[in-house]
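The same chain A turns up in both complexes below, where it pairs with chain B and then with chain C.
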Partner chain A sequence: MSDILINKVKQLLSDKAIDIFIGHGEGTGGRIRPIFVRTPEDAEQLIFNENCKQSWANYLLKPEVKAAGKIGMMATKHALRAMMQLASEFQIKDNEVLALYWDNNELKSSADFKEIEAYLASQNHDILPHEQEMIDKLNAMTTQERWDFWQKEYEKCIKCYACRSACPMCYCHHCAAEGNQPQWIPVASHQLGNMDWHLMRAMHLSGRCINCGACAKVCPMHIPLNLLTYNLITPIQQEFGAIAGMKHDATYALSTFKTEDKENFIL
Partner chain B sequence: MEPIIKIIKSASLATIVDKLKGRYPRLYAPVKKQELVELEVINGFNDIAQDYLLTTQSVKKLAFPRVEKILDYTLQKGNIQQQSPDTSNFPETVLFGIRPCDASGFRSLTAIFNGDKPDEFYKSRYEKLIIISFACNKADAYCFCTSVGGNPGNTEGSDIQFTPVDNDEMLVEILTEKGKAVADLFSDLLSDCDKPVDKQAYLANVPVVFDVNKVIDNTTKSFNNEMLWINQSLRCIGCGACAFVCPTCACFDIQDEQNMKQGARLRLWDSCGFSLFTLHTSGHNPRHIQSHRWRQRLMHKFSYMPEQLKVVGCEGCGRCSRACPVDMNIKEHLLQIAEL
Partner chain C sequence: MARVGVFVCHCGENISATVDCEKVAKESGDLNSVVFSTDYKYMCSDPGQTLIKEAIKEHKLDRVVVAACSPRMHEPTFRKACSEAGMNPYLCEMANIREHCSWVHPKSEETTAKAGDLVRTIVEKVKKNKPLQAIKVPITKTAIVIGGGVAGIQSALDIANCGHKVIMVEKQPSIGGHMSQLSETFPTLDCSQCILTPRMVEVAQHPNITLYTYAEIESVDGFIGNFKVKIRRKSKSLDENLCTGCGLCTTKCPKKKIPNEFERGLGNRTAIYVPFPQAVPNKPVIDRENCNYYQKGTCKVCEKVCPVQAIRFDQEDQIIEVEAGALVVCTGFDVLKPNFFPEYGYGKYKDVIDGLQFERLASASGPTKGEIRRPSDGEIPKKIVFIACAGSRDPAKGIEYCSKICCMYTAKHAMLYKHKVHDGTPYVFYMDIRAGGKMYEEFVRRAIVEDDTKYIRGRVSTVFERNGKLIVRGADTLMGAQPVEIEADMVVLASAGVSNPDSEELAQRLHVSYDAYKFFAEAHPKLKPVETNTAGIFLAGACQAPKDIPESVAAASGAAVKVAALFSNSELTREPVVAEVNRQAPPVFSTCTGCFLCEKVCPYQAIEREEIKDRNGNVIKTLARINKGLCQGCGTCVALCRVKAIDLHGFSNQQMYSEVMALLNF
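Now for the complex of A and B:
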């Protein structure tokens, strides 16, 4: 798979179809890291194997990456969904990013939103069974038990904001956590500050989380943060009939009124 | 003082921990908590992690906690009453089983906090620390202490150091007066060293990968080498994981938490990797892109600190690289700079 990818990227770079390619590379001690390829020779460093599950969509809005020119990206299913969600939030345009993705062992490339949507529609987007199991377990807890579970997790948080930095949907130039007029979220990494931060972030991602799990994977304190945002996917889907990142022109469920919206929350 | 060298049976460690705990209730040691190894107050020897390289977070939190209250105040009918927390009564705290790179990390922290005018919070907490380190008999791909002047058996900053040697024995180096007073608690378990022990032979092999003086010279010269910093930091996502696990990163933020009647002023960990770190009220940000923030991180540790404080701001523990979500391996980046 790596060879096919390398040849494709070499060709794209020689043809000047793209200026920079974001892909998976060999990291320290078997880790996978994002690498940025600008020349056909450097494309040799690209790899693709069963460990390359990371989405690099959070780089699409990074100024230094954008400044490099036309972007190509090795896209996992989650990266493609992040692209569609970013498009629906007017952060990237059609034909702006060339995505390479595997469709039944065939390497496809497309910058066309309609094509990407069609591919996504053919895929399964359920969260993984072990993650669902954990969510079910949490939902089966009493309120007190669930509170205790999360308080213990939040206690570990050092507020490094790796969750925010790794999240493709956390792109706000001015994060609510940084607002101080008024101060919504305590800056301190104490019990209240940590809880406020994670709950606020989860609420801002309700209906926008594309369940890539990056927040939890990058957490240096191993807090299962993805469970917070994943837990909001099903209610939004049930109430509004949509999951995030499937359509480039989707309207955001929580800020759009439709006459057919359920009104059963009105007492 | 001249180090006192003794030998102890490894099996005696549990007794030593009991004795320490009896005298110093605040006895911290590495504890395994699922994927993490954290420094926590232990109740006994069995709480201590059996097989650990080093703790996930550094030990700096014991002298420089992530939230430090530095002032209390009340507001009543226009009167402001201030009260500084009492720093004279921080409890004596033993750090047992930390690594040499953590113990020596206090060199940088002390240079920063106690530089021109001692910081009373840091100083008071640090003075109460009793540091019993364990020399490293293993290392991983992220370790590079030997490249920044340390080594797996570095005794700097430790009051006592244990090194596992042959025959289920440990070499005990009593290094300071403080350490001597603590070792008196278990002096009955210590035996004299009949013949010299080659400590080096029992330490982890951590190859020197770069010349730190070249790194210092080249970072200092490379401030305007924009492409160097951009290429190194293209994958950096601008979180603060590296700074918060670092044993020497000391930047902080001051925040007030208050209501109409009272408030507290807090000192909180901060990171130069955050875009907010240098954002001016005007909206201007002198470090407006991540590469400038990455440059600052390396310049501070390898240019400004050596120049101004005569210390290198890095212990080579590799925590920043292990914690980094995108595998920004600092050893590789420093090697690249050394070879410029």
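Now for the complex of A and C:
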């Protein structure tokens, strides 16, 4: 698989179809890291195997990457969904990012939103069974139990903001957590500060989370952060019939009003 | 350092009965930055206001907190007073220690302590207030009247006679509404058409009124004084400028068996039709659902016979955009089809009809030319049973309210019947007779005494057919709930007045609130009966609740005066409580990420896109920008913005934060 990918990227770079390619590379200790390929020679470092499940969509909007020119990216299903969600938030345009993705062991490339949407529509986007199990377990708890569970988890947080860096939807230049006039989110990693931060993040991702799970995977303290945002996916889908990242022109469920929307929450 | 003055009002005894105002004033005086504090019996009175003005001068105050009632009523009063003393009015804030404190708590130490807390939060807020300037916006002196029933007609004529332009939008092919269907009107028994049609003509001919019939409101954007309204003019398949209204097409149309809506199904009409002979405008429309040409592709008889070639089969709906300063909603009501009362047999028996159908039978222009004849066989009925409250005041049927007009029109029906069929006997089953109104009780008395109508107090349990007669079975509760059975020739159901089926959708399009029955809600049931909660949109007639003609007309004139008063000024002064997207030095330009999730959430369409370009005209960044003229300061975008790039003047993040922190004693 790696060879097919390397040859394809080499060709794209030598044809000047793209100027930079974001792909998977060998990291230390057998880990996977993102690599940014600018020349055909460098493409040799690319790999693709069953461990390459990471989405690099969070690099798409970085000024350093954008400055390089036309971007190509090795895209997982989640990276493609991130692209569609970013497009719906006007962060990337049609035919701006060339995505390479595996469709039944065939390497496809497309920058066309319609094509990517069609591919996504053919895929399964359910939350993984072991994750769903955790969500069900959380929902079965009493309010107090759930509160205690999360307080215990938040206690571990060291406010490194790795979750924010890994999240493809956390692209603000100036995060609300950094605002200090006023300082809504306390800086220190104490109980209140940690809870404020994670609740704010969950709210900001409601209806936007594409369940890639990057936040939990990168957390050095192993907080199951993805459960916070995943738990908001189902209710939003049930109430408004939308899941994030499936359409490039989707309207945000929480800011759009349709006359047929249910109003069952109004007493 | 800010110099804050705190003024605690007793509101007579409204506040001082439960709150120790002197103590609140004294303790407020010790707060950081507060240089003066006092209390007074009526702060809104002239001496109270003078007290504030003098304190501003004497103590060089630059911030004022008035601890009194809700800001809704008196914030403008106190801001004006501060302004007269030379202060920017938006540096004055109110702490609501009446509705939020004294009225809802008993007299106690805690109540006084809470009042003190409320004052403290507002003192912290006001310190972060910035001077603001009021926004002036021009007014478009055109009113849109939605609905051309009697309320709409009255409102349009009143506004137009004040010299303002009016656009009337009517859904049906003709104006006139339900009133044009009525035979004679209570309590005077004058002919409905005779009093209404001249006014319909007046609307059509008035130089200040533009009439769009067969048209609907597509969307409403903007705000008081500056609405942008899209009107869908449904295709009539006709060039109205050419059509002379000769009516030849309607006589030649081969589709003749379409139930006539105006006659409530008691008569037929053609596919190209004028709803009724006195229609305004008296020009036909093609009902495409029933037209041979549109359904099968051949016919075009109307086109062939038209002497002026006015038929346009390829005409499409037209959407026109108009600007208006105010809207008057007069969309009226609907009559519930009584088929939800299966026990009364409506729909099953032809001679069980509703009140509006009886109006058509009794009308000189109706299907029977005013003779009361049974729909089934055209015989003159000798016994008619009128059932009042068919649906109304019946929680089991989901309508708990009284439809208000039925008692009166049922008495009228009985009377009309008796006047036309002298040997007939009218019976009325009723729950209570509600005849409040000028000459109303006398009218019902007349039906009972002079016209010998048999009133039976009780409910009807069932109506069924036996030997060609309709058997009405009920109880007479004034005779010890004794069962009653009447062999009738015809049954008339006074079915409930309900809101229009599309009223909810229209309310949402107009951003006005509505009640559980989907009737439009007034801003205040007593003091603002024709206003809605949306400034610049007014209500009149039965779209608010079932109303009779005098009430609808009175409300329509009331709404017209509100519009005229609004139009009497050349510009509108608006509060500068508007949102703003922050701006920063390049290369950031703004913390706004340009995700535009705020664009859709804005109920006033006030969020625009602004492109930041470099010297060569290349777009570097696209940012949100808020149109100050459109923004109503609701703050929804502020809540939605993840980056907090939007802030609301007068309620900024800083102000809110200070308020909350003061409350938490930080």
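Everything below uses one rule, namely that the second predicted complex is superposed on the first by the 267 of 267 C-alpha atoms of A that agree within 3 Å, B and C clash if a C-alpha of one lies under 4 Å from a C-alpha of the other, contacts with A are read in each partner's own complex, and residues count from 1 in each chain.
The rule we apply is simple: contacts are C-beta pairs under 8 Å (C-beta built on N, C-alpha and C of every residue); 3 or more make two chains touch, one makes a residue touch a chain.
Quick caveat, the model's predicted, so the values are computed rather than measured.
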Which of chain B and chain C A:Gln181 touches, first, second, both or neither: second
Broader residue contact with chain A after superposition on the shared chain, chain B or chain C: B
Touching partner for A:Glu64 - first (chain B), second (chain C), both, neither: first
Which superposed partner A:Gln238 touches (first chain B, second chain C, both, neither): neither
Contacts of A:Gln91 with chain B and chain C, given as first, second, both or neither: second
Partner chain in contact with A:Arg33 - chain B first, chain C second, else both or neither: first
Which superposed partner A:Thr142 touches (first chain B, second chain C, both, neither): neither
First, second, both or neither for A:Cys172, with chain B first and chain C second: second
First (chain B), second (chain C), both or neither touched by A:Asn264: neither
Overlap of the chain B and chain C footprints on chain A, listed as residue numbers: none
Interface residues, chain A side, partner chain B - complex: 27-29, 31-36, 58-59, 62-65, 156, 158-162, 164-166, 178, 186-190, 214, 217-218, 220-222
Residue numbers on chain A that touch chain C, as the complex places them: 89-91, 171-176, 179, 181-184, 204, 251-252, 254-257, 259
Chain B residues within the chain A interface of the complex: 34-36, 56-57, 66-67, 140-142, 230, 233-235, 237-241, 243-245, 253, 255, 257, 266, 268-269, 271, 274, 276, 289-291, 321, 323, 325-327, 329, 332
Footprint of chain A on chain C - complex, ascending: 504-505, 508, 588, 591, 593-601, 622, 640, 642-645, 653-654, 657-658
